[in-house]
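Note that the chains take the letters A, B, C and D in the order they are written out, and that residue 1 is the start of every chain.
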Amino acid sequence: MSVHVRVQAEPFDVGVETARLSVLSSHTGGVGVFVGQVRGGHGLLAMTLEHYPGMTEAALNTLAQEAIARFELTGCTLIHRIGRLQVGAGIVFVGAAAPHRGAALTATSFLIDRLKTGAPFWKREEYANGRTQWVDARETDEDAARAWLLKNP
Amino acid sequence: MSVHVRVQAEPFDVGVETARLSVLSSHTGGVGVFVGQVRGGHGLLAMTLEHYPGMTEAALNTLAQEAIARFELTGCTLIHRIGRLQVGAGIVFVGAAAPHRGAALTATSFLIDRLKTGAPFWKREEYANGRTQWVDARETDEDAARAWLLKNP
Amino acid sequence: MADRVTVLFFAALREQIGQDSLSVAIPAGGVSVQVLREQIEKADPAIAQAFAEQPRLRVAVNQTLVTFEQMVNPGDEVAFFPPMTGG
Amino acid sequence: MADRVTVLFFAALREQIGQDSLSVAIPAGGVSVQVLREQIEKADPAIAQAFAEQPRLRVAVNQTLVTFEQMVNPGDEVAFFPPMTGG
């Protein structure tokens, strides 16, 4: 069982990170991955990701441990970028490896749903007209995180 | 809207394929990926993937079009390998890009669940003791594929 | 020369039957998959046995999955195979 | 020197308040987060206003999310921030 958590300004390499999960165990039958990226539109240029150093890493590790307790995994990875990210740039890499595809994909959904509102990151948007704006937490994101409390596993 | 389907003997490159999905549209906010690989255990050495040339590509394209009709996607990719694959080797790459993470991840699950029993591939296992055996279709895989008939979307 | 269809076998069926394709004469007006199936079972005991051992036999006509009621016409490609196990 | 806690602000709160940290004197026996909150609101109208404009204020003590009933002791790190928006 292997947990890999990182917070970094640099881009992540999806190929390298997925391969890290694939080779963890010969009993791995599938790897689920989600890559979040800066979605353009309405004149958005970039986002700046602020975080709470120390608490961020702790929250991501806690989340990973929850996934491992809940799903039959061979490992999982959470990588979150910080700093200024332009439209199209990768923000977050979430991955889960498991003997069976169901656990890999459900754990991937669990990790990204929980990460959205459960780790201390905040996004400030920057528009072409010069306006900047902190992103409001979406009710739908909080609902998605809460829904996992009722699911099994 | 972009569909990318391939059947090939060569390995696929997860980084390249995920990047292909990421750059399809500036409105993409997330990419879901599933990589299936040969799971070891019980002395398994390798699998040989047989397929029905022509029908395979048609079935994968039909599946991709179903995903596009069903989910709000910016694109999806299905790559399936054929021939002899050793334990740990990638068998299948499924990916879906979407403005929102829910559609990307649900479409990824849909595509792999349907592909398992809906495209003409067959697996023959090869064990260390020399025994070979065709893999039986699992009831749980057929149930997973059928369950999508009742889901919305 | 009679009107013919091409019949293909895949995976375990192909191995049990010992060949991957047949050319089969059918009536010009076509037959159902079921009738074609019975015809080739009668012609080759190896086919009859392989089909009998495969309770979930699948069939495709011209590379589309169909039921055994589907009509087959001269020139069609008919494939028999076990349940698919991709991914 | 009195017993103190470090208070941190993040994101929109940090910008509105105009600073990212404070050192605040508290009783040696500790106080609840709620009492600490009222104390710093009284001391700085910018804090009072920023908190008032944030109906879903979150708080962490020693880097763990807690409720406003949580006790805070000298030496603790207390962070106030808006709902988290990662991913």
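Couple of notes before you dig in:
The working rule: a residue touches a chain if its C-beta (ideal position, glycine included) is under 8 Å from a C-beta of that chain, and two chains touch if they have at least 3 such contacts.
Note that the structure is a prediction, hence the values are computed from the model and not measured.
Considering the contact criterion stated above, no chain is in touch with subunit A and with subunit D alike. Subunit B and subunit D have Cα centroids lying 49 Å from one another. Each chain gets one centre point, the mean of its Cα atoms, and the points for subunit C and subunit D are 74 Å apart.
Rounded to whole angstrom units, the spacing between the C-alpha centres of subunit A and subunit B is 22. Across the assembly, subunit C contributes 87 as residues in contact with two or more other chains.
Residue numbers of subunit A whose C-beta contacts span two or more other chains: 36, 101, 112. Every pair of chains in contact is given here: A-B, A-D, B-C. Note for the complex: subunit C touches subunit B at residues 8, 10-12, 15, 56, 60, 63-64, 79, 81-87. Taken in their complex, subunit B has these residues touching subunit A: 13-16, 18-19, 22-23, 26-41, 87-88, 90, 99, 101-102, 104-105, 108-109, 112, 144.
Interface of subunit B with subunit C (complex): residues 36, 49-52, 54-55, 58, 80, 91-92, 112, 115-124, 134-137, 141-142.
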